[in-house]
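Note that subunit A is present in both complexes that follow, paired respectively with subunit B and with subunit C.
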Partner chain A sequence: MSILEVQSASPEPIEYDDVKGQRKGLGLTGWIAVAVLSVMVLITVFGPMLYTVDPDNISLMDTFGPPQPGHPLGFDGQGRDLLARLVVGGRTSLLGPVIVVIISTLLGALLAFSAAWIGGTYDTVVSRFIDTMFAFPGLLLAIIAVAIFGPGLMAASIALAIGYTPFVARIIRSAVLRERNLPYVSALTVQGLGGLNISIRHLLPNVAGIIIAAATLSYGYALIDLAALSFIGLGVQPPQSDWGVMVAEGIPGLLSGYPQESLYAGLCIIIAVGAVNLLGDRFAAMAEEE
Partner chain B sequence: MTSLLTIEGLTVTLPVAGKRKPVLRDINLEIGAGEAVGLVGESGSGKSMTARSIGRLLPPGAQTSGSITFDGKPVLELKGSDLRSYRTEGVAMIFQDPRAHTNPVRSVGDFLTEAMRTNMGMKSSAADARAVELLESVGIDDPKRRMQQYPHQLSGGMLQRVMIASALAVRPRLILADEPTTALDVTTQAEVMAILDTLRREHGVALVFITHDLELAAAVCDRTDVMYAGSIMEQQSSDALDRDPLHPYTAALVQARPSISSTSDRLAAIPGRPVSAFEAPNGCAFAPRCRFAVAECSAGTPPLVAVEPGLSRCIRIDSIRGTMTAGEVSNG
Partner chain C sequence: MTTLRFLIGRLVALAITLLLASMAIYGAMFLAPGSPLAFLTRGRTMSAEELDAIAAQYHLNEPVWRQYLYWLGGVLHGDLGTSILQKAPVTSLIGERAVNTLWLVACASILILTVGLTVGIIAGLKPGWLDTSLMLTATAAMAVPAFVAAIILILIFAVNLQLFPVFGQGEGFSDRIYHLVLPSVALALASVAYVARLTRAAIRSEAASDHVQTAVSRGLPQRTIVSRHILRNAMIPIVTVAGLTIGGLIAGAVVIEQVFQLNGLGSYLVEAVGSKDFPVVQAISLILVASFIVLNTVVDLLYAALDPRIVVGRQHS
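On to the complex of A and B.
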């Protein structure tokens, strides 16, 4: 082999992206999480149309019955079809946190933007108010609200949303504050643009990544908290189905050797929350990469 | 000439570690319509703070005393829509680093037309047309294509022209140019300055031009104010500044410049380091670094007094005038 040949064999081009270890986009874990969540949402939305077994139909002959043709997961302690109840229960379990996230993000963003933009005494008052709110756990607020307004998904969700607001507000406020102090904001200010205009048209899009990450992560927490409320009987009321309710209703079976109901509902919660948290972490990492 | 902007006894303090520290002391400035005034001085001398006070862009917590009057309106008391219209039709600002002063995720066209659409109520087609005109007037080729581009796709000089275009978009009567050419290379500097100067003359816009560069100030400005430690040290017409400085500080600045016509082994430097307004000693702030300083210089803050043909804040000006740029140069 001649020297020329050796020289002509050019070295492999270096993949700079690998060297820096930067990942663009969601990455594999992110896409797996998206896939899992999409499947769950699709099943809960369209499942009842395809799997037409009535989730509330009680068949006492089949109490704790094992899987059989037409009923792939078997029956619960009252002889209701487990798969049908899981699918319908997913609707409330997945929808409740959406209410929490929307309300807490809107309230939190409103507080955060006004505090970061106006600054001064107003910012101090809002920040101290947020700090004070941290002293009240969201669950405690929700329990108080349920005590006042009666149990149910709506009251629990709204109360939980108020409990979550300080967390969301604090994250968004620090992001907006950083963005607000960038020089381009003074350039816009001196062009005569108002605070509302700059906040909505410039600051909001530039901190949107962080807001989405915070919202996704709080969705996971809200799912668990709402399931917990339903578990202790303050959220979704039986006989309506919900994963939290199902875990609670499965306890007698758990004690007598039929753990399916609690187990399946618990697994659904774990898978959903796990996927949401993975996704939230990716969103947070992406917001930071920007 | 009627006065467009009048600053009287402007003092600005900022909270630093719980204490209030002055950054500007007793600034007096008058700018007529269409006039160009230079502000020169070392870093930290308060040039930018003066411009930011005029544009009401002081950092939060800043306290001001004294007054700024623009066309009869008290600038420091403006609020809400009055403040917005002052910033639209009154002043515009051009910054040192155009890249930091544009939102990177908005296109050039969006940046240029935003103020026109929101504050002047123009339709977006009309605003687009005007933005194209403006880009042409600041010498940008193919403006239609540039409108679609984002700040990172433009060079620094190009982006600074966009900034100038955006300053003109709102038809201001006063442009505050805070070192508009410092971040640019020399040839681009000259082009940008030429554009600014032409536009100023054509549109009759007054200009406050902040720079480190005495020659640049002399080339563009009618009058120049030399600032040191948050105070104005001297004021006179720009072309006389280096021939007949009215303050030892100006003289030292003039001597510290490299000269094309003569070669020297060492450049003259001003001994010591520039001080901020809050570090300034009693008496004349420049006294510790001044080679003409005598005991009286530290006795009390010297007033800004009229010395033909300008103003000076030096108590010895009558005895040392004309000798300051000559003779021995201290090498620190």
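On to the complex of A and C.
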């Protein structure tokens, strides 16, 4: 067993390393994804300062109005400026998932590290708990939270985060277990380092790539689930803007020949999720290459 | 003997998971601010008799664990409580709706298993431009949330081409299927893409493995290699993920039923959340979670049937 490991860890021929070298780093698609996301974030953060049209101003003369100077995307069914609503809606749509990712990653990492390190009965209980949590789709958990605490993003985001925790925990746990069995951890234990110390100073940096990949992928899922929640009317409440709310509000227009609002908001979601997924896939591949 | 023990182990795990899930769903009520009675009757003016009836239904004057046991006992006897709004047994309210949801999930599952597997197998076995373009499409499709896919499908096929109806569930078999075409495509789209990508990856990694190389060098016919050596082994990870993905449809159905105004469990759940009819929320959540858990166990057993090593392996550990 140990001989096999040593052999597979021995340096490969140089040509092989060179071929692999082309795939190291983010790659072209990865950088495009980063660029797209950066532009989206910059627009939603600074956009309202540069494009000062009021997203809540109702102008019934302009209902479903086409683009005109000063209003490049035209108007929605209530005569509100579409671009202004997309920009402001992007704030909640892009920021909400951040809360979900932070909570689920912290909880997941905590569960995974403690389970992998302490092991024994504790590990069994945690694994059982994770298995049970798997049975609750995140969206359903968020809906139950809304039923209890009322509509809005806060309770729903926390519920969603709890729903995602088992996924994150399971991925990190297996990575930590794999790392734990490597000789260097035994060496550190022999040197007298405690579990907490080894986990934070040595294991955490070594599984960081996998944690980042899991967090990125769950950001994409959280964006979809929160938008879906707003879409069915249980998340962000109108008249506040959000991409999910806009897709829903645009449906009457869509059925009567004015699909802009639903389409633009849907397109924003697709672009953001697509970029995040590409980035997450690259991060996962990079973590594997290590 | 080994198989029997494995089977019993899985069934015990199933029972424990169901029990824990039911506790979580029941206990959620106590997270609400204020007393349970105030929570259940939130925002309604009710007579003293009605309040008493709700308190009696939930046995609110007894300790929490007994309340739970009463509720669980009722659930096991097919009594899912009484709707506060409709004042009728939840079981009778959701019967027809459950059938509608089942139809939707079944149609979407068939799409996932047929289209997803076919695309994945073609892409996996035939590298080249077709593979590249199929996988690019799949990657793009995975970024499309079901409700966005739904409005795009409605725009193209219902509003512009007028090929399919926008709303409703239809009457009779063929009309029902006709009404479910757009909803099930929207619900299945991202999962089809996911399963296709996974199938392709599993086939690629299996095709590169030593035992396949051996089979090739032994001069076995291509068809035998593909069906006996590549597909059978590649099926193992695919079955697990396809099962989980179909389980995920249960939550996705909530959103899709809402878009297409299908009268299913999901749209009723959203309606009940809106009208603060908590017994209905509880009952539907329990049904959705329980079906997901049962489905998972079925997948686990299927997995063991495909790969007997799992049964033996569990025993050693």
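The criterion applied here is as follows: the second predicted complex is superposed on the first by the 268 of 290 C-alpha atoms of A that agree within 3 Å, B and C clash if a C-alpha of one lies under 4 Å from a C-alpha of the other, contacts with A are read in each partner's own complex, and residues count from 1 in each chain.
Heads up, the rule we're going with is that contacts are C-beta pairs under 8 Å (C-beta built on N, C-alpha and C of every residue); 3 or more make two chains touch, one makes a residue touch a chain.
All figures in this text were calculated on a predicted structure; none of them were measured in a lab.
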| item | value |
| --- | --- |
| Contacts of A:274 with subunit B and subunit C, given as first, second, both or neither | second |
| Touched subunit A residues, subunit B compared with subunit C | C |
| Touching partner for A:233 - first (subunit B), second (subunit C), both, neither | second |
| Contacts of A:192 with subunit B and subunit C, given as first, second, both or neither | first |
| Subunit B versus subunit C as contact partner of A:202, first or second or both or neither | first |
| Which of subunit B and subunit C A:140 touches, first, second, both or neither | second |
| Touched partner set for A:110, first subunit B, second subunit C, both or neither | neither |
| Residues of subunit A that lie at the interface with subunit B and also at the interface with subunit C | none |
| Subunit A-touching residues of subunit C, taken from the complex the two chains share | 13, 16-17, 20-21, 24-25, 28-29, 31-33, 39, 139-140, 142-148, 151-152, 154-155, 159, 166, 247-248, 250-252, 254-255, 258-259, 269-270, 272-274, 276, 278, 281, 285, 288-289, 292-293, 296 |
| In the complex with subunit A, residue positions of subunit B that touch it | 55-57, 60-61, 84-88, 91-93, 95, 97, 100-106, 114-115, 118-119, 163, 166, 169-170, 176 |
| Contacting residues of subunit A [partner subunit B, same complex] | 119-120, 182-184, 186-194, 197, 201-202, 205-206 |
| Of subunit A, residues touching subunit C in the complex | 128, 131-132, 134-140, 143-144, 146-149, 220, 224, 227-228, 231-234, 244, 247, 250-251, 254-255, 257, 259, 262-263, 266, 269-271, 273-274, 277-278 |
